[in-house]
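Chain naming follows the written order as A, B, C and D, and within any one chain the residues start at number 1.
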Amino acid sequence: MVPLSWYLIVAALLFGIGVYGVLARKNAVAILIGLELMFNAVLVNVLAFWRYLQPTGTAGLVFAVVIFAVAAAEVAVGLALFIAVYRRFGSSDVDDINLLKW
Amino acid sequence: MAFLQDPTIVVEWLRQLFLGWGLSPSLASLLLYVVGALALATGPLLWVIFLIWFERKAVARIQDRLGPNRVGPYGLLQPFADVLKLLTKEDIIPAKADKVLYWMAPILSLAGVLLLWPAIPLGKGIGGNVNVAVLYLVAVGTLSTFAILIAGWSANNKYALLGAFRTVAQMISYEVPIVLALLVPVLLARSMNLQDIVAAQDVWFVVAAPLAALIFFIASIAEVGRTPFDLLEAESEIIAGFHIEYSGMKFAMFFAGEFLHAFTTGVLGAVLFFGGWRGPGAEAYPLLGLFYLWLKAFLLYFVIVWIRGSFPRVRIDHLLDFTWKFLTPLALVVLMVTALLDKALAAAGPWARALGLLVANGLIWLVVQRWLRGVEKRLEPPMVAQPGQYPVARYTPPEPQAAEGD
Amino acid sequence: MDPTWVFIGVFFVLAPLLAAAPIVIGHYLGPHKPNPIKNDVYECGLKTVGDAWVRFKVQYYLFALVFLIFDVELVFLYPWAVAYDMLPTFAVLEGLLFMIMLLAALIYAWKREALDWYD
Amino acid sequence: MVTTFVFVLTAAVMLVAALIAVLKDNLVHAAMGLVVTLFGTAVLFVLLESYFLAVAQVVIYVGAIAILIVFSIMLTRRVGAHWGRQTNATWPWALLTAGVLTVLFALMVRGWDPDAVLPAAAGVPEDITARLGAALVDPNGYVVPFEVASVLLLAALIGAVYVAWGGRKAEKETQG
């Protein structure tokens, strides 16, 4: 069996890539893509811990299922905002949405 | 004779053969899996060739035509001629296409259908035994959706993209009632494993859940994109949908995928609601079970072809209204009633349980019918026959709407 | 490792290869005489009209959105259905409450005309 | 042995796809990278023997979330238009932050191998999906997260529909 830390390191790398995506991207949807990568890293972590530390329990699985729900809600609302902004401003770059900067 | 009672001895024989070549046991297992996967995948792929002939012939007879009848007896060799023709067609790739995605789409489209097969139980002890099979089917179905989206996008044609958007909107809309209807057999069998679902059907689930079966069947036809739900690639009206820029073998793969998907829908319907491989003698002779499954699946497939030959297309707003405002709420209600009643009848025998659920389904249907009547009355003025005249359907043109731009 | 899943893994590798084989064969069997007109975008035999721009239509997005919410909730219900024998009546009612939430979501979207298609 | 091989292969493919997802200027390709990553995660779940969550991952993430994302990308741009640069001017700082974070995480989890008394050896019970289902509606278990999730999703739907769509009438008025 693969050691637990391998899963954790893969998840850490995935999380780091996601962080970069969130911070460096201009387009709102691209930022959401980065967020999804981070969510996935968390999921991998949760399930790896579940498998290695408590495989007969259900706590880890419930955690993962709730993360699914949260991720879905986040994407739905995030993209709705994105669509609303796009229809209002005709742009999907977060850099252009700077009305509050003044 | 031993083979007829237990076809798995072939597997053992092959394993011994591989071990005899001096392979390590794990490598021999892997090779066995490869052989099994090849057999399971080539079977349906070759079967498609027959399906194409069958469908053309059946639809032709329904429409009072002859259908293919030149190449070979009854035109049986026509599909082979078609394959040869398609193989030697020029493979045109549009200049501005996204090459990688353009190649991937037809492959995904067909592979997404093939991948449904390892979950299907083909007989007692043979075929799929996946612990989460029902959700696996839904998961694999998403591949086809992606194939369409990619196909529409990669060709760099706005009409292809528009077609893809519409097709995907249709597919995901119809996936909701499918997932809801699939929950009913899962609930009745208390398992997502299709082998368990088949084993639980002492009474076919179509008796206990006729409405769920109907919803699954209708929504699956729409998911595959067959007539009457094929307005997005209606050959006789618009040229094509998302696959407009595809030609030759790539185009053929989309169609092979569609035909195979239609048949697979029949197989899934048979497994989920019509007892799968079960039938007299199927326990003792698994291959007989395979035959029963094939027979049931083929009958269901024939119904799909029949529907294709008989029904006119629906309009896109009707299409989407039908799933969101009729099938989905109905499926939810059926699921709730089934869940409640199943708990109440937990102590009863299988037949009592099934009949109780059947009665409940009948009552739901009566209520739905009354409701539909009401809706019909509100929508259409009653047609009154004048004396000496036949009633003629009145056509009221829709009110002209202001053009909308975004 | 469950052997069934090893088999599915093998299948996941082989199925795309099998689907790709005819395409690759066809690619090499067929003639190759590309020219700019043949490789151009096909729009009913006419020249491409205007900018290739698909009008933005929020409907597509709304259907996908409602579908997403439904999908997630339904996936929650599958373990509930599998565990049905272990559930007391109270737990069954919990599941029904969940479905009523789903119905409420559907009714909201319906009343908001988010499920209407219009051109 | 096979597990290790599959794990390494999947992890490599996943990470490369994730890099594509955050680096490519072509956002459709980036979304495809995301899809491959999501698929890879599902494979990891299979390796972790949580089959239900593996298929749920594909159904929810690939089938619904990724479709929504791809829809949004394709709906909001011209077919064949040039993508342009998709990165901020401050990307080096982003790189630095992400890099430091990753290194810290990796250093942190490096030694986390409870190898001696691994409960993992007990294996996953056959009926884990049923147990999960029972735990989700068990009053002593996780019934509150379960019902809260349904309320959360309902709220998300209402909010998202409200934000993105003003209804047919409002839509007509704003567009004249």
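By our rule, contacts are C-beta pairs under 8 Å (C-beta built on N, C-alpha and C of every residue); 3 or more make two chains touch, one makes a residue touch a chain.
In this text the structure is predicted, and so the values were computed from the model without any measurement.
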Key: Innermost chain, taking as reference the mean of every protein Cα atom displayed   = C
Ask   = Which chain pair shares more contacting C-beta pairs: B-D, or A-C?
value = B-D
Remark   = Expressed in whole Å, how far the mean CA point of subunit A lies from that of subunit B is 33
Remark   = Per the C-alpha means, the centres of subunit B and subunit D lie apart by a whole-Å value of 28
Remark   = For the pair subunit A and subunit C, the C-alpha centroid-to-centroid distance in angstrom is 21
Remark   = In whole angstrom, the CA-centroid distance of subunit A from subunit D equals 6
Message = Could you pull out the residues of subunit A that touch at least 2 other chains?
response = 65, 68-69, 72, 75-76, 79-80, 83, 86-87
Request  = Would you please write down the residue numbers of subunit D that are in contact with two or more other chains?
outcome  = 2-3, 47, 49, 51-52, 56, 59-60, 63-65, 67-68, 71-72, 74-76, 79-80, 129-132, 136, 149, 153, 156-157, 160-161, 164, 171
Ask   = Residue numbers in subunit C touching 2 or more other chains?
value = 2, 5-6, 52-54, 56-58, 60-61, 64-69, 71-72, 75-76, 78, 81-85, 87, 95, 102, 109, 116, 118
Ask   = According to the definition of touch, which chains form touching pairs?
value = A-C, A-D, B-C, B-D, C-D
Ask   = Which residues, counting only subunit B, touch subunit C once they are in their complex?
value = 29-30, 33-34, 36-38, 40-42, 45, 86-96, 103, 106-111, 114-115, 117-119, 128-131, 134-136, 155-159, 161-162, 165-166, 168-169, 172-173, 175-176, 179-180, 183, 186-187, 190-192, 239, 244-245, 248-250, 252-253, 316-317, 320-321, 324-325, 328-329, 332, 335-336, 339-340, 342-343, 401, 404-406
Note = Counting only contacts in the complex, subunit A reaches subunit C at residues 65, 68-69, 72, 75-76, 79-80, 83, 86-87
Note = Contacts from subunit D onto subunit A in the complex sit at residues 3-4, 7, 11, 14-15, 18-19, 21-22, 27, 30-31, 34, 37-38, 41, 44-45, 47-50, 52-53, 56-57, 60-61, 64-65, 68-69, 72-73, 75-77, 85-88, 90-91, 93-95, 97-99, 101-102, 105-106, 109-115, 118-120, 122-125, 128, 131-132, 135-136, 141-142, 145, 149, 152-153, 155-157, 159-161, 163-164
Message = Taking the touch rule as given, give the residues of subunit D at its contact with subunit C in the complex, in rising order.
response = 2-3, 6, 43, 46-47, 49, 51-52, 56, 59-60, 63-65, 67-68, 71-72, 74-76, 78-80, 129-134, 136-139, 143, 146-147, 149-151, 153-154, 156-158, 160-162, 164-165, 167-168, 171
Request  = Could you pull out which subunit C residues touch subunit B in their complex?
outcome  = 2-8, 10-12, 14-16, 18-20, 22-23, 25-27, 29-34, 36, 38-44, 52-60, 63-64, 66-67, 70-71, 74-75, 77-78, 81-85, 87, 89, 92, 95-96, 99, 102-103, 106, 109-110, 115-119
